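Shown next, in structure tokens, is the structure this report addresses.
All chains are identified by letter, namely A, B, C, D, E and F, in their written order; residue positions are counted from 1 within each chain.
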Amino acid sequence: MSDSEPPMTRFPVPDLEDLPEDIREHIEEETERSGFMPNVMRAFAYAPHQYRAFFDYHDAIVEHSPLEREEIEMIIVAVSGANNCLYCVVAHGALARIYAKDPLIAEQLATDHTAANINDAHRAMCDVAVKLTESPGSIEESDFERLREHGFSEQEIWDIGSLTALFNLSNRMATFADMRPNEEFYTLGRGGE
Amino acid sequence: MSDSEPPMTRFPVPDLEDLPEDIREHIEEETERSGFMPNVMRAFAYAPHQYRAFFDYHDAIVEHSPLEREEIEMIIVAVSGANNCLYCVVAHGALARIYAKDPLIAEQLATDHTAANINDAHRAMCDVAVKLTESPGSIEESDFERLREHGFSEQEIWDIGSLTALFNLSNRMATFADMRPNEEFYTLGRGGE
Amino acid sequence: MSDSEPPMTRFPVPDLEDLPEDIREHIEEETERSGFMPNVMRAFAYAPHQYRAFFDYHDAIVEHSPLEREEIEMIIVAVSGANNCLYCVVAHGALARIYAKDPLIAEQLATDHTAANINDAHRAMCDVAVKLTESPGSIEESDFERLREHGFSEQEIWDIGSLTALFNLSNRMATFADMRPNEEFYTLGRGGE
Amino acid sequence: MSDSEPPMTRFPVPDLEDLPEDIREHIEEETERSGFMPNVMRAFAYAPHQYRAFFDYHDAIVEHSPLEREEIEMIIVAVSGANNCLYCVVAHGALARIYAKDPLIAEQLATDHTAANINDAHRAMCDVAVKLTESPGSIEESDFERLREHGFSEQEIWDIGSLTALFNLSNRMATFADMRPNEEFYTLGRGGE
Amino acid sequence: MSDSEPPMTRFPVPDLEDLPEDIREHIEEETERSGFMPNVMRAFAYAPHQYRAFFDYHDAIVEHSPLEREEIEMIIVAVSGANNCLYCVVAHGALARIYAKDPLIAEQLATDHTAANINDAHRAMCDVAVKLTESPGSIEESDFERLREHGFSEQEIWDIGSLTALFNLSNRMATFADMRPNEEFYTLGRGGE
Amino acid sequence: MSDSEPPMTRFPVPDLEDLPEDIREHIEEETERSGFMPNVMRAFAYAPHQYRAFFDYHDAIVEHSPLEREEIEMIIVAVSGANNCLYCVVAHGALARIYAKDPLIAEQLATDHTAANINDAHRAMCDVAVKLTESPGSIEESDFERLREHGFSEQEIWDIGSLTALFNLSNRMATFADMRPNEEFYTLGRGGE
């Protein structure tokens, strides 16, 4: 059994009591909701201005997107898998399982989204997200056409791009600082809940 | 929730009763032991001669290797993650969790073995396995030296190579035929058993 | 001579008068300061919530970073060159020329930062930024040590990571939407100013 | 002129007399048939259980495949060329020349199978084998359709996959142990025989 | 502001007076015409026989090609950008701006030719040049068809290949010797001349 | 047995009698010397000015280089193998066998120069040539130091670069035009001559 790990290994993790009031409250609310304190929050609090910017950016997309929440998490897991980002694969894998009500979807999307048990529209959505992740310059008009044919609206397509872009940021922050996912994320949404 | 999936999608899955006696018995014994019938067995039975050869090769390494079983499964999961093989990541991820008694190790090794919570010897072992997977020609004397410094014997080093080689075969068979892991594998070894 | 180009080709560019008050003012202030309206602002205004989040994130790093502004723009140009992002190479190339007071630095950093006429500390800084861009998983402890040896503080190192991460987002947004740099950016800072 | 080389450089080559009876006989039969003792046999005998498994696997495919023997060796040479495996390129290059009765085919398939003087069906067969070697995850339904259009049966297609998989194992064993081809293989089948 | 740089850093730059008469005159003529002495000439003079061969090869294509000079420079900049060659991007970027009468074209072609403001025929021309640069073996009949459909003659197509090939030589010479572009090249052709 | 192939497939091969006098004589001299007419000459004659430039460039290096002829051909085969260029691998493979008096060296260098039976100096020489071929920007001061430590002079090092550069041109011309090696090249230098 692995020992419990620190939230990140390459920078010091600040104590909660040393954090600005708004950040401490934000973390506490999330802890209340989740039942545990996500390591990404304790890690990002190393740079309080960036902490606020990161979570605001996330909310700016997620709270206003016409995409289903399940679709949002599918994109994030496929992108994070392509970037081999352990933190995001595990943490958002849990959210994907929960929102998609599918206990198998996280490993499928993170390992090889082309072998995932998803519908054709979601396959196209993940194909574009992974392509924009791995070789941004190869995105072309035909990718947009394919998404439109599957019924994605213009704003949904913009958000497929935005989420992919944001998690190319997030994956690099997590990998650079070596953030480690909480143990809770590994089992959340696997059924029985 | 994903629908239950067939063992593989690109070739017909033979009926158990049509299989040669020895293969049917081999599958039934494994089903008895595991509690379910691993899809790789039903899929590989498409070519009975190759079925026998594959499982014999596996046993030839696993039953005689000086490596710990936990180490064997760690190598397999790291290799299969590097090859993005869903079947092997999920099925051997379960075995890695069970043999290493670590419910978190599968996602760690499959996603980014450099972020896994493992000791330095196992890190070196996985580094070599992934290197031999991704760019065989770049293996050099210093890789062997590093393994020896971590205490691996000559025969253990040979088997690090053998297991990596076998799962470069296995990953390609599973991906080519589009084998899908049984649902049971996703949850085995996550604790509570 | 190329015709004047639209700010982006893959999504409609909103009219200024249709934008929320705060965004219109933000654009007008920048237009006042620069003498022209940067296309990235008109393009990002397509999604107002994300517009605010993007520029806030940028300011959260830039206004609080212990890195010199010249260093910030060097990182951005090296990262954007590695990602082949025309908008960011041209727009931040102008800023790099201005802040570094070096009319040659943009092409050098964007084309091949290892051939740029920069000091050893900046070379190390750009090496890490490009490595985190191209293969995040290969970042290792020795990269951090090298930056520390060149005198970068812990917070500066965090920000080398943050800027790289943010422009991996930004490059993908610009490439996905096919944003085109204003003609003014191509000549700004080339001397004579 | 190069000196005669040992069968492999990274592990000790066992003496024939120390080998299990069945392996010694197997090697002697092959030596009888070929006129020389292939280095892969002396090298693989380092691990007798794996020796048996490897040659059994090879025979399980080759002796039962509906593919022509010439096609089998073409696949092996194209795969081994893609993996830059000297041993397999040279040894199976000899077999390809002999079975295809074409003294030029080995260099063509190993260097660039798309420039080889082969028919369209064999070109498709090698394209799929090389694709499965280099990027297994990119195999898709259209690859299977193309093979079917060229007249390959379902079992032949399975074996294109199996042979590719087996030589992704074999290439890695030969490269890992640094096996060196016998001088005889370089000239066999070049005409005059 | 960067210090003035030597023509190359990895080999000694010969003195003009030590050069063979024909080479000195060739350099002086070019210096007369350009108003400055291009560093590539001083650098290549290290090996006088190769100096002559290189400039003869260049002239053999450029002076006889049915391609427009503007097209020639576009190919060179796209290829040099793909190879990340600072010298050729900057020097031929100046020529591309001058011959295409487009002050923006150099950064566009060098950074991402797919985002350049060029017509469809030139896009196809650059696509093939970059493909032949990055993965020569993937060139196929459809690439030739596409060029023909855009009206390129057989000899023009040969020269798209020749120029790409020559600058794959030139880029490697410049990168190997670490040749640095003259400061004049950075600003030539940006308008106002 | 393969049918005899045309010198190239993508452009028309000019008749000897239509060629300029000097080129016809040059081809006839080479045919006299070799006993057959190398296809590269008939193919390159499509563009007579470039024909002259190409062979002049080759001679400018080969006739004046302090490198041994055997070393020249070793570099060419290693580079051409890295670029998967069938024509150059086969034609210069023959020359490498002849000049190095080693019938095994061509396959070794073309397939995997790190497994070739060559001395350490030649290994370093080929390492640098292949590195400059595959990722020119990664060449660094340590590569030059390593060559110097193995006793290569400054002019020899320049020529390791020049030959690599020239065959990056040559490989692309042969691949673009789809030049096919004469059958004679496959067997030349294999012993018995």
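Of note:
Here, a contact is a pair of C-beta atoms (placed from the backbone, for glycine too) under 8 Å apart; a residue touches a chain by one contact, two chains touch by 3 or more.
Remember, predicted model here, so these are calculated numbers, not experimental data.
Taking each chain's centre as the mean of its CA atoms, A is the chain most distant from chain F. Repeating the B-D interface, with the same residue numbers in over half of the contact pairs, is the pair E-F out of D-F, E-F or C-E. Of all residue numbers used at the contact between chain E and chain F, over half are used by both chains, marking a mostly same-residue interface. Once the centre of each chain is set as its mean CA position, chain B and chain C turn out to be 44 Å apart.
Centre-to-centre spacing of chain A and chain C amounts to 24 Å, using the average Cα coordinate of each chain. Work out the mean CA point of chain A and of chain B, and you get 28 Å between them.
Under the contact definition stated at the top, the residues of chain E that touch 2 or more other chains are 84-85, 112, 137, 175. The touching residues of chain F, when paired with chain D in their complex, are 1-3, 5, 81, 84-86, 89-90, 93, 101-105, 107-108, 110-112, 115, 117, 175, 178, 180, 183, 186-187, 190-191. Interface residues of chain A facing chain C in the complex, by the touch rule stated above, are 10-12, 46-47, 49-50, 52-54, 56-57, 60-61, 63-64, 83-85, 132-133, 136-137, 139, 141, 144, 154-155, 158-159, 161-162, 164-166, 168-173, 175-177.
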